[in-house]
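Please find the structures below.
After this come two complexes, each holding chain A, first together with chain B and then together with chain C.
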Partner chain A sequence: LPRSQIGMGNSSSQLPRDDEIETIAHETEFSRSQIVRLHARFVSLDKKGRGFLERDDLKNVPELAVNPLGDRIVDAFFTVGGSYDDGAFASVKRLDFRQFVRVLSFFQPIDRSKKNVHNRRTDKLKFAFIMYDLNKNGYITREEFVVILNSMVGANITSDQLDNITDRTFAEADMAKDGRISFEEFCKAMEKTDIEDKMSIRFLH
Partner chain B sequence: HLLILLLMFDDAYAAKAADSNESHLVGLNRSYAEEPTERVHVAELKWHSTSTAFIIVFWLFLACIAKLIFNRASSLTRIFPESSLLIAVGLAIGVLLEKTQVNKSIFTLDSHFFFLYLLPPIIFDAGYFMPNRALFKNWDSILLFSVVGTMFNALAIGFSLYLLSGVITFSHTFNMFEILQFSSLISAVDPVAVIAVFEEIRVNDFIFVNVFGEALFNDGITVVIYELFKQFSCIEEVKAIDFIAGAASFFVVSVGGLVVGILAAFLTAVFTKYSGHALILGPCFILLVPYMGYLAAETLSLSPIIAIAICGMSMKQYIKGNVSASAATSVKYFTKMLSSSSETVIFLFLGLSVVAKSVAIEWDLAFIGFTILLCIVIRTIGVIIQCAFLNRFRGKTFSMVDQFILCYGGLRGTIAFGLASSISSSVPAKDMFLTTTIAVIFFTVFLQGSTIRPLVNYLNVELKKSEEPTMAETVYNKYLDYIISGVEDIAGQKGHASLVHDFERLNNNFLCPILMKDHAKTRDFDATKIIRAYAKHTLRDAMSATKWYPQHKRVVAIQ
Partner chain C sequence: AAMIIHFVAGLASLLYLPFIFTIVLLVIFLSATGLTLGIRQRVADLLILIFEWGSNVTEEPEEPTKDEQTQKEEEEPKPATIKKRHSSSDLRIIKREHSDVIENKLQGQDVLKKKSTVSVLVDDTLDFISAGIESIIEDNVTSRFSAEQLPSWNLLSRTKYDFQHISPKLTILWILGFCFRYLILVPIRVCLFVVGMASMCLIASAVGHVPNKSIKKWLNRRAMLMSMRIFSRSFSSIVRFHDRQNRANQGGICVANHTSPMDVMILSCDNCYAMVGQKQGGILGFIQTSLSKAEHHIWFERSEANDRKAVSNRMREHVDDPSKLPIIIFPEGTCINNTSVMMFKKGSFEISATIYPIAMKYDSRLGDAFWNSTKQSYGEYMWMMMTSWAITCDVWYLPPMTRLEGEDSIAFARRVKKAIAKAGGLVDLEWDGALKREKVSAKLIALQQKLYFERLSRRTSMCNDVTDEDMDILKNMSEEDRNQLLKQLDESDDVDAVIRKVSSFIPEVAQLVTEGNQTEPVN
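Right, the complex of A and B next:
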């Protein structure tokens, strides 16, 4: 079944059914209480009570409005949320609860005692990479980089400085010297950063 | 520094001089009045007019020579931390002076002098160069360790020693409050010792900030409970109100110190903002105002250490925008120089004071032994319990290795010595406490200090990243910050990243325009970090392209 059809009952204000919680818990390694809490959040975002979220629902989160990358984050949510198991991405228009939790599961702290630590790190980096890669071709081009850099700092620096910083970053990160950064090159540039710590959110129980 | 040293030594010297009532100036004139004017003198020996200044400068010179030798004799410094070597030199000199019967008052470390002049530069330097990000990320563990941990240590060690004194006869008796006074000063981890040792081994920021943060902020509680028990031993009958007053005192002291520190930072930033054209003024303010904050806090019996550390931490980013790069560099150099020489003098005098104090006093080996044992055991228990508690709520957990370094890095230092010296003489066990304090300090600095480096290597503890982050890393790190902040907002959970983001917006919109000059009030975020990183990289590239690179390497490194 396409993912959009596996969902809640019609009224999203009810708690999800126990077997659905079980499925989600199994899939994402969230605990029961965490899932219940996230469902409450989902409901509060879903102001029209339709049982799914659209882009505008997320964009209306007030703190996101002042986040320079707010739009990109929302976009990434809807891309990663609509992903299939084989890792291919497709942008969807609606996000149901299961997909919502699935995206958030990427940000769980990594439990080093469990296996698949490397997968987790790569997953987190993948989310970050997707946001950069606007046209989803698997590479960050110079133009895409400038766009993101501009939204982060653009108002404060001149366009010359913008170009210089971009040049420098590409000189460092673009190993293949093909004018674009692949996912592997991105990971390599971040290898000294403690991604597990930086990109983890401690979800409340 | 020098002026007060001069006055202090002058007293000592004048007491020693035969004509003890003569003042310094009279001494000067005397050389002219006394000599029979038979012949014209070609030149004469004016030792007594320059002696005090000479002695001071000579000590500093000796300290520098000692450091020079240590730098050369790398085989020694690989084993022993520099602090322990300095203590050893102090000991040696002390023995020498002792043998030549020089007046002891010249070379004892006056606790007053220590707290007012030697300690502030070190703490300020530490606060200014503190990795703020790591500190805020670990505020929960640092708070727990410094408050609850220190209290636990103080009470547990105190009660244990009290119980032991019923079983074993120590050379002096003490009541409950006296031993609690002692245990409160002996349980405090010392920031100076931690800096001295950890700076050499350069562990990663996470461990450093936890150990050092604890050492810094436990001043609030250490001094409070020390004073509390000191006052308790004077009061006839201790009532519940006294305990409540004690608890209130803790809050007032700590939070008051924090407030004073922030105020001092605020003032420094504002003054440097408006000191535009007179280039010397900026650095002067940067050095004077925090020190005034320290003294103000001390005057109001708030925590001066917390005040000056917080001041250094808060004002960093505003200062950078207000003074020129060369002024910032000179401030950096000057604070490092001051703190380094203070540190050196402290350890040297610690060695000297041991000789000065200990010759007449016997050392109670049993008491010392039990104190050291209790310090180690109780700290270990405390760390394990606290980390187990913290690990349930934190993302970044404390591994076994981390916890070990936390236990092992609990070094005691001169603050304990200063407090021990100021125990009132009416306490019969004072000398025993003092010598035990010295013994514990020696034990931690020599034994733990010298073995921590091989242990760090053996346990593969992650070391501090020595290179600057690359341009790509700087940009991406900021980028990831925003992502996490956004995801936290979507998930409705106020985590670390979104709090940092909130502060950043507040900072940029309100604080920076007030505290920094030429700060264009643009959108909600601040690009200076990325721009500065870019400037650093291009400068380094340009330098390395010239043939004078080796000389300039140091310049680039400082900037």
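Right, the complex of A and C next:
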């Protein structure tokens, strides 16, 4: 039944067309009603009604602003959202609805009955890795790690303690001892962590 | 054919104007005497029945949606009275588990087992990430600044967004509703509005000339009540007042939660208040001046408004004078969408020790009264109100609350806020309503960092000077104590200084806790 076109409002605040919703559902394995609700959320974040989100739109969410890793999360969000299908990453300035949903799909729980279990886990780890890797060169350096640590504790910690913690972390994770952590080393270090539990969000149906 | 059209048009216009006229006169009569025929309530009930019938019609297209919707309705108990409806009617997307985990971690309520620094950090980083993504999907604050979501469509195109599939039957209903609203309701309402405005200003100016004070007061009261009732009928408001024995009679400060500019109008249908606000120009300024002729209101010049002390003094003078009307204040400072109550600014709680709280809960099914000032101008908002079905509101007068011994204004404000939230069935939030327009303050961010640092010290081998008992006390600290502690901590303090201050603070807290267990809790 075609939707009747009564109603005002610019195109970005109207629901996406049925075929668009179909495509997104197919791509991300979200259900139709979940996509509709995510769209309502997208619209409420897109305060100026432009049809895309910029970094500030996310940074303005108060609960994200007080999150110590808030800025890094937004940055990772926009990098992963702008990624190409072959996995190459590009940090973009704007995200449309389809990209928005795609990033969120990385946080879906892993369904063991489906085939891409391994991909899902890697995707989640990728998100975390990108968060640390500030310059997106594929490696986490000591300096980048210190920046993250700093965001979490602010000025409450001395630089000695910072170095101390960084040393210990790199001692554990940096297998190649080249002063930086690659994605493989990162995944290895996270082997024992239950990534699936920690980085999955419970979506309601 | 042209003749027939002329004839019909002539007949319609012949009946139309007298019809509207009679209704206006009837309303004026009812408002002046304070009676009601109960027509609005009956029409409202009928409309709600129609909406529910209509929403049953829309569930044909998709089987899954119907199951989900009925499932949702079964999960949340159907509210018996309007009081119980609150934000659970928002359509949830996720269950915010990771945000809860972070809350527990920061408040120190997780299991105390010393683990290596690195594993704690890794753990926490991942939790922070997930909590952050959760807040992108769903957060407690931004949702308060946009209109509440409805369970079923109420035949207004402005709320059509959430309801995709509209069948032909519903379309016809919508058209009928549209005609009824725009052709019958709107002209009546506009007339009433004009009449109400005129009566308010003219009578107020006239009353201003009366020399005898008590007669003046009585006349003003009758005039204001009548005008406000005409106004409220001009928006078809259906207001129910509860617990009227708690109404403020002789001065004092009344405090209420803020949803729309019409809050004052609705409250003034039952009681006369002195209004507080900035002096405006133009029409609003004219209204302000006319009102001031009959009674004392507090209008500030723009420059004065910035001087908080001047504001407090004027209000204090007003409150101390028993012949003046009670003041009405909205401590949230901005309009919230009526699913929650946000932080109360402490200013008005410093002036008087007795506060009369009022809780207002709007039922948005017939028309959402929330004014989103970032999206709509005042004029647009008024027009939206005029073309809605009705504005339904429940008002609860709460018993007066006095400041307790040793309670500061912030704690007092919070206590009143809690009472109002409970009475109105609203969610009680500590977030500042100013976040509608502003960003989170750096102080709040620094606070989170401090809390995280405390957690790291507890969980890792970073420092060992704070004992387990101290940890227990830190865990169970009330929010005010935590704020007190954080006030003492300085950004430039190094680790040792922090530990020192925390250790010296804790014995004080420990004492308060044991005292608190014997007396009434502060929170």
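Methods note: the second predicted complex is superposed on the first by the 194 of 205 C-alpha atoms of A that agree within 3 Å, B and C clash if a C-alpha of one lies under 4 Å from a C-alpha of the other, contacts with A are read in each partner's own complex, and residues count from 1 in each chain.
Heads up, the rule we're going with is that a residue touches a chain if its C-beta (ideal position, glycine included) is under 8 Å from a C-beta of that chain, and two chains touch if they have at least 3 such contacts.
This is a predicted model, so every value here is computed, not measured.
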*Will chain C clash with chain B on chain A after the two structures are superposed, or do they fit?*
clash
*First, second, both or neither for A:149, with chain B first and chain C second*: both
*If you count the residues of chain A that each partner touches, which comes out higher, chain B or chain C?*
C
*Could you tell me if A:135 is touching chain B, chain C, both of them or neither one (first, second, both, neither)?*
neither
_chain B versus chain C as contact partner of A:36, first or second or both or neither_ = second
_After the superposition on A, what does A:161 contact: first (chain B), second (chain C), both or neither?_
both
_Contact-wise, after the overlay, does A:109 reach chain B, chain C, both or neither (first, second, both, neither)?_
first
_Just to be sure I read the superposition right, which of the two partners does A:203 touch: chain B = first, chain C = second, or both, or neither?_
both
*Taking 3-11, 57-65 or 129-137 from chain C, which overlaps chain B after aligning chain A?*
129-137
*asked:* Per the definitions at the top, what is the overlap between the chain A residues touching chain B and those touching chain C?
replied: 38, 41, 44-45, 58, 61, 63-64, 66-70, 73, 77, 104, 107, 127-128, 131, 148-149, 152-153, 155-157, 161, 165, 168-169, 172, 189-190, 193, 195, 198-204
*Tell me, which parts of chain A touch chain C in their complex?*
1, 3-4, 6-9, 13-15, 31-34, 36-38, 40-41, 44-45, 47, 58-70, 73, 76-77, 104, 107, 127-128, 131, 148-149, 151-158, 161, 165, 168-169, 172, 189-190, 193, 195, 198-205
_Parts of chain A lying in touch with chain B, wherever the complex brings them together_ = 38, 41, 44-45, 58, 61, 63-64, 66-70, 73-74, 77, 104, 107, 109, 127-128, 131-132, 148-149, 152-153, 155-157, 161, 164-165, 168-169, 172-173, 189-190, 192-193, 195, 197-204
*Which bits of chain B are touching chain A when the two form their complex?*
393-396, 465, 469-473, 475-493, 495, 497-498, 501, 505, 520, 522-528, 530-531, 534, 537-538
_Of chain C, residues touching chain A in the complex_ = 61-62, 64-65, 68, 91-95, 97-99, 102, 116-118, 121-143, 146, 149, 157-158, 160-162, 164-167, 171, 174, 374, 431, 435, 439-440, 444-450, 452-453, 456, 462, 491-495, 498
